[in-house]
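Next up is a structure, given as structure tokens.
Labels for the chains are A, B and C, by order of writing; each one numbers its residues from 1.
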Amino acid sequence: MKSKSRAKAKKTTRKIKEKIIERLLFASATVSVITTLAILGVLLFEAIGFFRQVSIIEFFTGTKWTPLIQPQHFGVIPLIWGTILVTTIALGVAAPVGLGSAIFLSEYAPDKLRRIVKPVLELLAGVPTVVYGYFALTFITPFLKQNVFLEMIVFNALSAGLVMGIMIIPMISSLSEDAMLAVPQSFREGAYALGARKHEVALRVVIPSALSGIVASFILAISRAIGETMIVSIAGGSTARLTLNPLESIQTMTAYIAQISLGEAPFGSLEYRTIFSVGLTLFLMTLAVNLFGQWVAKRYWKRY
Amino acid sequence: MAVKNVRRSNLTRSIKGVVVYAFCVTTILIGLISLAALLFDTFQDGLPWLSLRFLTNFWSRHPEEAGIVAALAGSIWIIGLTAAFSFPLGVSAALYLEEYASKNWFTSFIRLNIANLAGVPSIVYGILGLGLFVEALALGRSLMAGALTMTLLILPTIIIASQEAIRSVPRAYREGAYALGATPWQVTRGVVLPQAFPGILTGTILALSRAIGEAAPLIVISGLVYVRFVPTGPLDSFTVMPLQIFNWVTLPQPEFRGLAAAGITVLLAVLLSMNSIAIYIRNRYQKRAR
Amino acid sequence: MQGEVGENVSKVDVCGLNVWFKDNHVLKDIKIGIEPNAVTAVMGPSGCGKTTFIRAINRLNELIEGSRTTGEVYIGDENIYSKETDIFDLRRRVGMVFQKPNPFPKSIFDNVAFGPKIHGTDDEKELQRTVETSLKEAALWEEVQGRLKDSALDLSGGQQQRLCIARALAVNPEIILLDEPCSALDPVATAKIEALMRKLAEKYTVIIVTHNMQQAARVSDCTIFLYLGELVEYGITKNVFENPKSELTEKYITGEFG
């Protein structure tokens, strides 16, 4: 009958409309996959071009990085080392400060205080990194030079590392605190009932139970520090150097990429291609850290 | 004998307790004082240089004449374009993952990708943009290339925030709509999206406010800091505030430090307003829903 | 347009219905014919599959990941599990009211108008007419007529549930499913809804899941007793309660379990 065929037509148009919408939404979701493939594609494509002129072995094992002066050397190890040095200093600051803050907020602070202090601490995470770079160069470095290390060079790993540490404090403190708050109150009460004191409960019961969350926060902070660009560009220096002395200038992978992007290297030249080979190294390093973090989280996460 | 030992160990424990407590309080203070020092130092250096002239002048070699207008305009352009691209893309992706996707390997793969992309350094996105948008798609060092790059950068954040907002819509609403004979899109548009919208909007604004402070990807894309014009179209070259600040910080003359600080003040003011809007939206709609 | 009493209302025939959730066999080979224009109560202890059973009639089980259904359910002479079935029109014809009232976070008017709108009604005047008719039929009109633009969430529990009933009526169904509709309500609200159900049966086929035996006895014409996913007994309520054929039924009624 007429109404039946009209109903059927209505049904088909509705079906088509739903299918189109679903396809569009699906396409948006695949952008993430395309992005990952594009990152790999771009990095590998240009890096391969780079590695036709520079041997991979020299790149990954050489200890001299001087692409912009003659004679040119393309050993990336000093850049990797610069990154590691600054990251280590940053973690050296952020780990104790972040953990201590987390313990304070979760075990000692009354609820009202926590509700004020926690968001204020999180403001540290919202400050743009260029501001941190400014702070490192114009405040921290002169301060250290005047009062502590009188022979310090203006651009050095220590200032950059310290300020980077300040920047990642909230990552460690917030995530560790969340992990600690997730520990059931019954664990604490059991310990108190045995006569334990507050600091013993915190250190011997809560932290071990929350350990996987705490470790995950560390790994996340490390990953962030490795990829940070502005602080090290402004305050860390531009000399790729293999040194254990944090008072000297160094250069991280990220700072190098920034330096050469602002420079005059022509498209397609070998110097231009270093952007991609160093970028590839950086990408693989953060990928490894992130995957490790995910593995740790999966393996040791206790659900309460 | 045993009593004496207990008393001594009680004393040790008490001392330990005080030390731990003092340590924790110190760490909190370190964090708070650092924040205060950072803000105070910046404002102190920057306020003398903050003026209407500063906001309307271009870059100049003479510090007294230099201003931030080119970078400010560039930042506004970038954020506008980025918002236009990333908002629909991010919300669509989140809707697909929460309302339409079935549990198969490809969906898990998409989720894994999003989680991993959130951890990629921002400068790598800049490199991606350089190779893909600037070179391969021949967009040059333009606002378009910059905005597309920033879109990819903040997309994972928007998707994750939107997913959370969508997930928080109670299942009962969806069931009620399906029981009336609604199609998945009718349920999404009629019930889920209106309810999740404030959360989605808040998350997007917060992501955009983070993008406004990002310099690293745009260093690679734009590479320009000596810009003396306001961009008029999406294919123009550009600079942004963090880049301009970066440039001033690295110049040797001390006056430029003051300019950098003034630029930072402007940047922080913009950031503060965006975050306040986001928090206002979240608070207003959280009250309404109850 | 609303149908006349008894018109457009078909018998529901369930033939060999089996439902699995992943590996869990929840409904086992249910075979039953449900009378039109009557209130049928579905009873049984927790976990016996009552909710799954009624959700099989509007195919809402398919929203759950890992569900599988075999068998046929006929409304009139149409098998609603056939490939040609328009599942969205099915759900319009089979309305559902849930255990916990779930009005949308919209105005009272928009809640009732939601159904007609998604099924194609655009005309503002027609929507207003439908909303008024449905609210009257759900015995809610007098209490809300002055404040249709207010949020539905401001209503009391009993009012919200009647609103959900009005919402289901607005799309002109044949069958109304109610899943323990009064379990979250106070006695006064419960009494109102029980009276409403008896009235609705004059026009629709009403199927209600209930835990409450007194309610079943008060409200229903026929009663189904399910136990562990199987149909144990079905008959006129009076007979099932006073002369149960199965020993299990008797045990349940006398309160030995459940």
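The rule is short, and it goes like this: contacts are C-beta pairs under 8 Å (C-beta built on N, C-alpha and C of every residue); 3 or more make two chains touch, one makes a residue touch a chain.
Being a predicted model, the structure only gives us computed values, none of them experimental.
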item	value
Chain closest to the middle, measuring from C-alpha centroids that were averaged per chain	B
Most remote chain, CA-based centroid, reference being chain C	A
Which of A-C and B-C has more C-beta contact pairs	B-C
Chain A and chain B, separation of their C-alpha mean positions in angstrom	14
Centre distance in Å when chain B and chain C are each reduced to the mean of their C-alpha atoms	48
Intercentroid distance (Cα basis), chain C paired with chain A, Å	54
Residues within chain A bordering two or more other chains	14
Of all residues in chain B, the ones touching two or more other chains	183
Multi-partner residues of chain C (at least 2 other chains)	88-89
Residues on chain B engaged by chain C in the complex (per definition of touch)	102-103, 170, 172-183, 186, 190-191, 194-195, 289-290
Residue numbers on chain A that touch chain C, as the complex places them	7, 10-11, 14
Residues on chain B engaged by chain A in the complex (per definition of touch)	13-14, 16-17, 20-21, 23-28, 30-32, 34-35, 37-38, 41-42, 45, 88-90, 92-93, 95-97, 100-101, 109-110, 113-117, 119-128, 130-132, 135-136, 152, 155-156, 159, 183-185, 209-210, 212-216, 219-220, 223, 225, 242, 245-246, 249-250, 257, 260-261, 264, 267-268, 271, 275
Residues of chain A that touch chain B when the two form their complex	14, 17-18, 21-22, 24-33, 35-36, 38-39, 41-43, 45-46, 96-101, 103-105, 108, 117, 120-121, 123-124, 126-135, 137-139, 166, 169-170, 173, 197-200, 202-203, 220, 223, 226-230, 233-234, 254, 257-258, 261-262, 267, 275-276, 279, 282-283, 286-287, 290-291, 294
Partner chain B, residues of chain C touching it in the complex	58, 60, 63, 65, 88-92, 95-96, 98, 100, 102-106, 114-115, 117-119, 153, 164, 167-168, 171
